[in-house]
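Note that chain A is present in both complexes that follow, paired respectively with chain B and with chain C.
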Partner chain A sequence: MAGAVQKDNKIVALYPMTKFYIAIAFAIVAVILPGIISKAICFAALNVLALASGIYKIFAKRVKNSVGVLFIVLVVIQTFFAAGDTILFSFWIFSAKLEGLLFALKLGFVLANIGGCLIWFFAITTEKDFVLALEKKGLSSKASYVVLSTLQMVPVLKKRSETIMNAQRARGVETEGSLLVRAKVFVPTIVPLVLSSIQGTEERALTLEARGFSVETKSTHLYDIEPKPVDKTVTIITGLIFILIVVGRIVLCLI
Partner chain B sequence: MPYIDIKNVTYTYPLVKEPCIKDITVSIEKGKFYAIVGANGSGKTTLCNIIRGFIPGFYQGEMKGVVELEGKSLEEYTLGELTSKIGYVFQNPFNQITGARDNVYEEIAYGLENLGVEVEIIRKKVEEVMELTNTAYLADKNPFELSGGQQQRVAFASILALEPDIFVIDEPTSQLDPKETERVFDIIDKMKKMGKTIILVEHKIELIAEYADSIIALEDGRVVKCGEKHDVLSDISLIEKGIALPQTVLLADEFRRRGIPPKEKIITKQEMIWQLKQIMGKSNAPLQA
Partner chain C sequence: MATRNKGKETFSLMVILLIPIAIAINIVGGQLTSLLKIPVDLDMIGVILVGTLAGPIPAAVTGVLTNLINGIMDPTWLPYAFCSFFIGISSGLLSKHNMMNTIWKQVISGIVIALVATVTATPITVFFFGGSTGGGSSMIAAGLMATGVQIIQAVFSVYIVTECIGKLISVFVANVIIRVLPERTLVKYRFGEKFIKTSNK
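Let's turn to the complex of A and B:
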């Protein structure tokens, strides 16, 4: 979760599973609703949700850098290269087609909604809280350890790879320059990184054993979170709206 | 009855023909501080793993003989019982950070959480061991962002929190600077004063001479000498077996060669100073412990 998140915000303060249900329901609704306009409205609503959660800047930046890029690529490719009869305009040997543009917008908004939901959820929920909530829902402690330790290890491995890179540079290996030069340095960097990680696995496994990791007792949690009454209310309202939209969509299909 | 009784243990790692530990029989008394010494590859770490029960359980391989704790074979203990009874601190400080928690306070509490200890008791124990290991000021820090020495102290605190009776400690200072080494030995000394049974593998022989009660000397998987530290460390023949001896022992041997036999078995600096004063006739006071 980003540092700028206001923890006292009412949406941010919801229980992780409540926020997760909202994100999942939102993504499913965005997928099943017909037409471009309804999907665009969903995306606009998601922006409002991000704004209300006090994370709009983070949300907009992440959406722009991930789904935004994908959206533009999709629109360009589909508009100019998909088959279609209605030509909007021509440019050199390329022709923009309405069918391709409409398909790209529809698919693009679906992706924007799904990606946006995930970005919103992880911007306002720490991995630690989410994994703890999942553990309380029945996720095994081993699985939760794998998730948390992996997330913890990412910056550690990044730092270690920088150290290896510096060491290789000190030995005369070229690490900067063209793409080919950078590709060449990949092997001498990745091999020591992987090998040193494997080497530490045995000792870390024993460390976990020494800390009672395999003991089959119900573990306690020093850091704990519990759902509040408001979470129940929000979950019920989310569920009702979700059912209403799904049923409405089915009825519309049948008519 | 010995507290830990290692009887005729021979162990061979998987895919290896030659045993790493060869017919070892050692008795360990409760509340004493044992140091295991020997050259690299003499089987020190393997013996530690046997005492903790990681061998043969974790490593597989073929083990003959038996290890008993309070008269009961280690195999009869559950994982939880072994975790509560025998703590293990490893060589590499970095690898002892579990990665399961993002701050030192919770890292130390992790073992107690796994054992299902109540939260209030966890808090009490964690705060106690943080005080003992001088890690309280690191409470909110990410364990991965600490120095090697700080990580090692966190590892000690994590094991101390489990309140085991026995501590198996494998080369805890091999990657630490002299200051951090001193801090680690200070923790070990406190553990000794708490009446814990300590089994330490360490190459810093001067520190062993100062802190340990008994020594188990290994060579090529066999015990070559075992007993009270003065008896073991004053045996100059151990050098030929690849075991380093304190400088004071070498100095005392030099005196002996020059016809000035020391009156006592000397292994520490303090003892040597006392002995020199005796020889020079400057003191008749008995050696202070």
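Let's turn to the complex of A and C:
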């Protein structure tokens, strides 16, 4: 799901937790910085970071589809329908208010920054690496199995739902037409999909038990990753910059 | 260890294997509704299914994980994990108190779950996203706001309608699935036995 991840890029090659700390620190900084302009600068910096990681295309597409749409709707709703006194312009029954616009821009940039950080993180980290790193931090192996198995299952089930829909179409179920006709396809598609998946769980349970899934000893990994010395340096530098900005913000508040 | 496979503990292996399927059904169900252009959100069928079969805690885990995994591609899903958590808990508790057996009880359960969803989702939409849901429903909300309704009331009234329709259908679909599950599968889940008696009638 993570798309193309090139390991030769220096930022991409970092240990998952290091990248995770950077993303979290970035998101917190974006929230605490005052004013719209500094938040916008933060978002610009995030774009530069994505560009440097070599995943700008995926990043831009996902940001546009998730936070972008939200941003536009947010600006429209808050500008026209929030309470405020300073009227910028008005037409027909609507009037745009400055307070609403400023609030929308501020909230919009906060959301864009938080969303962008997460999108950046998952675009440069495979879920497999991230879950493995979390497991080393103490996540139970059952939980990591659930996450990884879900990620594998989504594309499989999606493909199977298309097959089932084609099969139902072949026996005469209409999949195009009015809303009622289309809605009626939903049940004949989802029910066989769920049934066939649930039937498979018993075999899967046997397979897992045969490999000692429920054994309560520390498990070993066939695929493994380790943090490198550079990860420690990057984490410390990120931490220092983060503390500097937080302290600076508090000082600014007190003055 | 002896009771491990009887399916009575909260997280038996059968439940652990059911959760990924339920999450995948939530995600595929959501994609299917947009593929078929059905204007209702049917992305909680898996959560209701797990709640009905395996109880509140596994359903809550399913709900939260659904939102986290959807959040990988679209981070706007993440705050609603709170909402999915309560949908899972409520559907599990409803099943525990035999509220999923007959069609009238299912209607009541659907409305209860819809109310839970509305009450938890409205504050998130209003405070995190300033009233914007990003979907087609926010256009209806904007239309309501244009007539002078407050943002929170507009979002609430849009949600209560869409959620009631969506959750009622989801409860029915989940029950259709349970009805056709073989008994040998049903007995492996905590509340599965409740559905065996009715299918033997």
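Worth pointing out:
To be clear about the criterion, the second predicted complex is superposed on the first by the 247 of 255 C-alpha atoms of A that agree within 3 Å, B and C clash if a C-alpha of one lies under 4 Å from a C-alpha of the other, contacts with A are read in each partner's own complex, and residues count from 1 in each chain.
Note that contacts are C-beta pairs under 8 Å (C-beta built on N, C-alpha and C of every residue); 3 or more make two chains touch, one makes a residue touch a chain.
This one's a predicted model, so the numbers in the text were calculated from it and none came from an experiment.
In the superposed three-chain model, the partner touching more residues of chain A is C, compared with the other of chain B and chain C. Of the two partner chains, chain B is the only one that A:128 touches; chain C does not reach it.
Look at A:115: by the touch rule set out above, it reaches chain C but stays clear of chain B. Using the contact criterion defined above for the overlaid structures, shared-chain residue A:107 touches chain C, although it does not reach chain B. In the superposition on chain A, contact is made by A:145 with both chain B and chain C.
Of the two partner chains placed by superposition, only chain B is touched by A:215; chain C is not. Once the two complexes are laid over each other on the shared chain, residue contacts for A:205 go to chain B and to chain C alike. Contacts of A:187 after superposition on the shared chain: chain C is touched, whereas chain B is not. Contacts of A:226 after superposition on the shared chain: neither chain B nor chain C is touched. The interface of chain A with chain B overlaps its interface with chain C at residues 145, 149, 153, 156, 204-205, 208-209, 213-214.
Listing the residues of chain A that touch chain C in their complex gives 1, 62, 65-67, 69-70, 73-74, 76-78, 80-82, 93-94, 103-104, 107, 111, 114-115, 118-119, 122, 127, 142, 145-147, 149-151, 153-154, 156-158, 161, 175, 179, 182-183, 185-187, 189-191, 193-195, 197-199, 201-202, 204-205, 208-209, 213-214.
Across the complex, chain C meets chain A through its residues 4, 11, 13-14, 16-21, 23-25, 27-29, 31-33, 36-39, 42, 45, 49, 61, 65, 69, 71-76, 78, 128-134, 138, 141-142, 145-146, 151, 173, 176-177, 180-181, 185. By the touch rule above, chain A contacts chain B in their complex via residues 128, 141, 145, 148-149, 152-153, 155-156, 200, 203-224. Of all residues in chain B, those touching chain A in their complex are 49, 52, 54, 58, 78-80, 83-84, 87-88, 90-92, 94-102, 105-106, 109-119, 122-123, 126, 142, 144, 155, 158-159, 162.
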